[in-house]
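Two complexes, one shared chain (chain A), two partners (chain B, chain C).
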Partner chain A sequence: MTSLKKNDFSVIGKPIAMIDSAGKVTGQGKYADDLSVPGMLIGKILHSHLPHALIKKIDASRALALDGVVTVVIGTDAPNTYGILPVGHDETALAVEKVRYVGDNVACVVAESESIAEAALELIDVEYEPLPAWFDPEDSMEAQANFIHEQRPNNIEKDYHHVFGDPDAGFAQADVVLEGRYIANEVTHAAMEPHCTLAAFEFDSHTGREGRLTVQSSTQVPYYLQHKLSIVLEMPMSQIRVIKPLVGGGFGGKSEIIPLEIIAAVAARKAKAPVKITYTREEVFLAHRGRPRTIIDLKTGVKKDGSITAVAAKVIQDGGAYCSYGVVTILYSGALLGALYDIPNIKYDGFRVLTNKPACGAMRGHGTVNVRFAFESQLDELAGKINMDPVSIRRKNLLKPPCITVNGLRVQSYGLPECIDVVARESKWAERRTKLGKGRGLGMACSHYVSGAASSIIRSDMPHSTVNIKIDRDGGVIIYTGASDIGQGSDTMVAQIAAEVLGCKMNRIKVVAADTDLTPVDIGSYSSRVTFMNGNATLRAAEDIKKRIVAAAALKMACAPEDVIMRDDLVYKKGVAPVAPKQENAPTVSGHVEGQILRGSVQQKRKDEGPKERMSFEEAVTAAMDNTGALGGTGSYAPPVEAKGGKHKGGGVGPSPAYSYSAQVADVTVDEETGEVTVNKIWAAHDCGRALNPVSVEGQVIGSVWMGLGQALQEEFVWKDGLLMNPSMLEYKSPSSTESPEIESFIVESIDPEGPFGAKEASEGSLAAAIPAISNAIYDAVGVRLRECPFSPERVLSAIRAKNGQKKIEMTNRVDPTAPHKMREHGGSTWYKGKGPQRHADDPSRKTTTEVPAAD
Partner chain B sequence: MKKELIELKVNGRRHEVAIEPSKLLLDTLREDLGLTGSKRGCDDSSCGACTIQVDGVPMLSCTMVAASYQCDNGGNEITTVEGVAEHGALAAIQKAYGDWGGSQCGYCTPGFMMTVRALLERNPEPSDEEIRHSLSGNLCRCTGYTQMYQAIKAAIQAEQKGMAAGK
Partner chain C sequence: MSLPTFKLLRPRTVEEAVGMLHRYQDDIQICAGGTDLLPSMKQRLFTPKFLMDIRGIDGLERIRVTPGLGVELGALTTLSAVEDSGFIHRHYPVLHEAVKTVASPILRNMGTMGGNICLDTRCLWYNQSLQWRKSCGFCIKKDGDLCHVAPGGKKCWAAFSADTPAALLCLSAEVNVASPSGFRRIAIADLYTNDGVNRIKLAKNEMITSIYLPEASAGYSGAYKKLRIRGSIDYPLAGVAVALKKKGKIVEDVKVAITGVNPAPHLVPDALHALVGRELNEHAATVVGELASRVAKPLTTSLLTPEYRREIIRVYTKRAVMAAGAAT
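Moving on to the complex of A and B:
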């Protein structure tokens, strides 16, 4: 397959509009909140206003007395624990016994309308007993009592300590060693669609009792949702149907079970009616599951020639109140130190820590982004120390694939060298760098990401993806895939692959996706696995069904099956000009009588003609059905054993069948008076194996770089004692068109030996490099090395003033952005010190209140 | 709250609906008229996903009270994304957003359709800067806006070609 050139394809590699785009531009497409069913009630959730407290009593009698309120659901209605990871079942639908963050779920009102439900929330009386709360992970790790989860002493969810090679010897060989602390603040997905779930039970037709449950939800993982619902509701999975309608963006925020998905089902059961819950934007921020605040203590050694001898990283993640994907996140942070450059010795200590804040989870570039920011910044600094160009030092440390890295990651296709060449050339790196004048600079960085995890989180030997294809007498091709299109275009991807293999036009293809009743299991849209895994399953399913069509066509055309070509809706003998058969449009052949093909006349016609040289797609399909009956094909994909990585504890996270690569150059201008950073342009080259749909690949690459840019410059959670201060799209500062620079993307095709048509990941790998490319460009522009992101004006300005020896103005809550020593807390308290209860005497963060005066 | 009967003119058709006087226009369109194309993304008019046009002017329906936009003689004509397709075919801007990747998850797209349509009605040949500025009230988390600019330019070209052909 790798020998195929671009022009050997008829559908692959062509810019194709997403097959669901018309529904999106006309408003016809239905997202979860656009759905309603007869008798549907509305659910609204009561959230905790305390960061850590025991629930002494919940009295809903006043709410229940309100006209229009149907029921109120509380934790004891469904106390079974669940969580996305088998090792992290620490959540319940609604809080049982205690709440763990401001925003934790306490009760759910089900009412006839949203306004009634909202009014009823005010009437639920909850008696709490406040507990000490932890907001800084380094404080939280010191806790001796009142743990956030009883079973997690010292509030440490999980810690890992990995040594690969001989790091001590590596550092001893180095000519220059740098150590530094980097902090990346917390960001969130903020997908445009707020989460929504509609849950409805139906009567069992035999028993007349409450029967099957149908859940339509904004999810990236319908099959995991089905599984977790079965645990909480104590129902067999076969009695639960999960349907994913259109999803308005995920970025990881819908890649696990979000509280409302379980709550809606529990509420529907108790209310004995369909219930829809839609989050407000503020609730979306509180549900969160975004990228954790991360402290990275990083040490890197290089020789004078630029080769890296060893890396040691200690990473502490501020995980929030529940495990979520935390164990995986902290493992990715260490594992993906490998597979980008050739690093012979790696030491990694990772700590995932619980704090009394909304749970962090998986977000685009899961686990790699913040560590990559630290690593690429430090590499830039090291290049400076040994007087080496930042591009050259990266070229010096390239892997030599095929290879297995010191931490057990198998690398086959590797387009990084070409990515670096492309962005260096396009940005005119050599000519322009250092010649841009005062306040303007260029920075370079690289990153990579997995094309799906080689081992699934549910530890099973089942295929990761399965796809079925049905072709019927109408010549329509229906693909049944469990892949969840969340806007990244997976429906279009499977349609393209099937059309290419079957040699038919795209308009024959219909995709039925992500419905647990109709489609075979696919583990979901996360870790950039869908093109690689579901794409491969589609390829196999299409080849399975194609075999039978080809066999039948070979009989009809009296040739060997190898000589049958299917392409562009035609089936013809090798060597025959692919011209449409004349009779294709003749009514006697494909004629319809009240919607039915006259199969008899087709057969008669064929008999009359004798052996043929070419046939239409329908004719070939009909021939195959005449031969062997109904046409169905199936294909599945499980990653090969060789890609599954090392045997060490935690070694299952990081290994992937293939890695994508990215190199970027950022051109920035820094205003030395205000500290404002303007990104003029970013050049981004991404190795996606093969671009199955170049418009989509470019859209994914640009989108990831842009999201990295948001984290680099302005997006950040602002906290005061566990209360999120900026839970809205404007205050969170999601970049608008006026803040978004030109991003030019370049596709590099390394043709992976195992990817479908050579394709691999395109949607995540480019995010991480954007942040260090910008910080390195800021250094190039104004000579300050920022080690805390985002590089917001107050951080940049305070660094510039310190460098210039200007009078200090306190703007960063006493955290130096060039040498951040701790998490930056934003000032005092809104409710602890003010209206609310006094902070608990043992609260470790109380100790700091005398040292750090409120700055805001 | 007691409901009141109001009359709205949406996409050229009149509708009588009984709603609470405080009901927002977005909720009325979505829940009472079944026009779910306009989306709720933020609740506080910061994201633009609910953008509609009232007499051609783009407005944010998530913070408008429906009862204030009752149709009167020649005024308060509401257009939603469902009213953009012309004569049963996609408008040039709709086709271009699909072809050029201007829409990924599509949730913000209806809002962008209404904003861009209003821009092009007002200014058929906007400069790059004018396009960038006019989109700044609509947020998108997928595209980084780059492919939207390509889509808008392609739509303008298609319109001009169409007009030239019509002459």
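Moving on to the complex of A and C:
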């Protein structure tokens, strides 16, 4: 398969519009919040206004007395713990004993309307006993008491300490060693669609007892949701049906069980009626699960010739109040130091720390992005120290695949060298760099990502994806896939793969996806696994069903099955010209007369003919069905053992069947008087193995770079004493179209030996490089090295003024962005001389009154 | 988030409207385009018993030119209408520059001049949901007793965050105020209080019906510079407007105003002395920048630090002065 060329395909490699796009643009498509069922009630969640407190009492009687309120759900209604990771079952539907962040879930009102439910929230009386809270991860690690979770002493969720090779010897061999602290501030997915869940039970009309549960939810992981619901509700999974409607973006924010999904089900059970909950945008920010604030203490050594001798990284992640994907995040941060460049010695110390803030989780580029920012920045600096070009130093450290890295990652296809060549050439790197004039510069960086994890987080030997295909008598193909299309286009991807294998037109294919009653298990849309794994399962299912069609066709055409070719809706003998039989050009649906559906024109005609050289797709399908009655195929995919990585503790995270690669060049202009950075253009080359659908790949690459751009320049959670100061799309500054530069993407096809048609990851790997490409370009432009992102204008300006020796203006809350020592807090005072929110006497808010400029 | 319940009033005339204001005083709120008021109501910053939608009043949505006097902009004139007016663009370019930076095209289609002038002051500790404000213990501006940005004091420092008033100050605009006892006309400079809570000097039974741009202000060149993190849909984190008139190379008259940093928009008082009678150059513009940054008193009401915003007032003022000078 890997030797196939582009024009050997009919559907693969062609730019194809998403098969669900018409429904989306016309408004016909239904997202979760578009759904409603008879008798449906609305749920609204009461959130904690304290960062850390014991719940002494919840009195909902005043709320229940309000007309239109049906019930109020609290933690004790469903106290079982769950969490996305088996090691991190630390969440409950609603807080049971204590709340752990401002925004934690306390109670849920179920009412006849949203406004009644909102009014009722104000009538729930909760008595709290405040506890001291932890907002800074380095402080939190020092905690001796009042732990956020009792079972996690010192508030450390998990720490890992890895040594591969001999880092000490590596640093000793180096000619130059640099060390520095980098801080990446917290960002979130900001998907367009807010989370929404509609849960409905069937009730026995005699006993009133609840029966089967159907949950329609905006999720990337319907099967995990089914599983966690079964734990919390104590119901067998078979009694729970999870359906994913259209999803308006996830980026990781829907890749685990989000509180409202469980709460809606618990509420529906208690209310004995269907319940829908839709998050407000503020609630989306509080549910979060985004990329944690990260401190990276990084040390890298290189020889004079540019070769990297060793890397040591200490990473502290400010994980928020629950584990979520945290253990995986902190492992990815270390593991993905490998598999991009050839690094012989690696030391890694990772700490995932709990703090009293919304839980961080998986976000596009999960685990790798912040460390990549630090690494690529430091590599740039090292190149400067040894007088080497930033492109050359990267070329110097390439891997030589197939290989297994020092930390156990197997690399087979490796398009990085070509990615670097392409962006260097297209950006005219050599000619333009250093000649752009004052305030303008070029920066380069690389990144990579997994195509799914070789070992699944559920620790099971089950295949990671299984796909069923059914073909109807008139040649309609239905694919039953568990893959969750969240806008990235997996429905289109499976349709393309099946159409290619079966040699049929795309319009024959219908995709039934992500419905746990109908579709076989797929573990979800995360870690960029879907094309690789579900694509492979689809490919196998299509081949399975194709075997049957080919066998029947071979009989009809009196030839060996090997000589049957299926392509472009035709089935023909090898050597025969693939022209369509007359009158049968268009796939016609058989039988127009009622009652004759099964004996259509095709079947009639078939009777009069002898052996033939070619047949239509429909004819071949009908022939195959004559033998079996039904036509179905199954395929599944499990990653090979060789891809599963080393045996060390935590070694299961990082290994992947294949890695994508990206190289980028950013061209920026910096205003030296204001610190404002304008990105003029980004060139991004991405190795995705094979581009099954090039427009779709380009969209993903551009989207990744754009998201990186947001994190690089303007997106950040601004914190003050555990309060998220900007929980809105107005104040959380994702880039708008006006400041989005041209992003030119280039597809590099390394044709992976195990990917479906050679394909691998396309939608995450290009995010990480954007951030250091921009910071390196800022350095090139104005000579300041920013070690804290985002590179907001105040940070850039303060660095420029310091470099130019101008009068110091303290404008970054005492955190120097070129040498950040700690995480920054917003100014002002939450609490002052007895005034402010009810907080514990030892709460940080009561110690850190900022000096306020005298106001007159 | 849903709107709180209220009774909707739809007066047809100004008399009827001010009558309603008079009758319901504390329980009523004017809604023009609603682009600022409605989101704030969802956040329970305002929960009026009566909401008075004034869009049904005839004659308040127009741009009327009276030769010899100037231009009258009805309070309900949308920001888009002002933006699209070639007359305004030609004769009052500073207003054109400012209006086109407001929010986004869609919001400008709904938002009105009256609403922009009367915009509520903004603060990161205040423009939040009820749930959020509970978690900070509320503040002086609404439901609380502490100002989180200047905790020692008793005053609210929320920033006045509308763009066009800076331009209107430069144009010496006046506003027409209606009340049950008739109309009065005041200079826009006298409309604001510099208090974050009671931002404008309107009595409870008064409303603005129009804005006058005097003919004497026509023909000034203009520039407006606005600090924002996003290229669109951002309130000003600092804004500077300049209207300037030159004779040859010599500056004959100039007005500079800032917005987005203090609880009111302000004219920079000494800009005139620094520039009038001189040739415009970088140095002179820098001096005006210094003067403007002395007027600016930003506090931690927004995501960017006060120190940065004040510095930007300095730089942007210099640039706006240069740009206005170059435009003549």
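Descriptive notes on the structure:
The rule is simple: the second predicted complex is superposed on the first by the 799 of 856 C-alpha atoms of A that agree within 3 Å, B and C clash if a C-alpha of one lies under 4 Å from a C-alpha of the other, contacts with A are read in each partner's own complex, and residues count from 1 in each chain.
As a working rule, a contact is a pair of C-beta atoms (placed from the backbone, for glycine too) under 8 Å apart; a residue touches a chain by one contact, two chains touch by 3 or more.
Note that this is a predicted model, so its numbers are computed, not measured.
When both complexes are overlaid on chain A, the residue A:S115 reaches chain B and chain C alike.
By the document's definition of touching, neither partner reaches A:S465: not chain B, not chain C. Looking at the shared chain after the overlay, A:T738 reaches both chain B and chain C.
Contact with neither chain B nor chain C is seen for A:T492 once the two complexes are overlaid on the shared chain. In the overlay built on the shared chain, the residue A:M811 is in contact with chain C alone; chain B does not reach it. Contacts of A:H189 after superposition: chain B is touched, whereas chain C is not reached. Touch criterion met: A:W706 reaches chain B, while chain C stays clear of it.
Contact with neither chain B nor chain C is seen for A:S140 once the two complexes are overlaid on the shared chain. Contacts of A:S456 after superposition on the shared chain: neither chain B nor chain C is touched. Shared contact residues of chain A with chain B and chain C: 115, 280, 282, 730, 734, 736-738. Residue ranges of chain C in contact with chain A, taken from their complex: 1-3, 5, 124-125, 128-132, 134-137, 144-146, 148-153, 155, 157, 229-235, 297, 299-300, 303-308, 311-312, 315-316. The residues of chain A lying in touch with chain C in their complex are 47, 49-50, 102, 113-115, 118, 122, 280, 282, 673-675, 714, 718, 723, 725-727, 730-731, 733-739, 792-794, 797, 809-813, 826-833, 835-838, 849-850, 852-853, 855-856.
The part of chain B that touches chain A in the complex is made up of residues 1, 20, 30-31, 35-44, 46-47, 49, 80-82, 84-85, 90, 93-95, 97-101, 103-110, 113, 132-133, 135-148.
Touching chain B in their complex are the following residues of chain A: 15, 17-18, 20-31, 33-34, 36, 115, 189-194, 246-251, 278, 280-282, 486-489, 695-696, 698-699, 702-703, 705-707, 709, 728-730, 734, 736-738, 740, 742-743.
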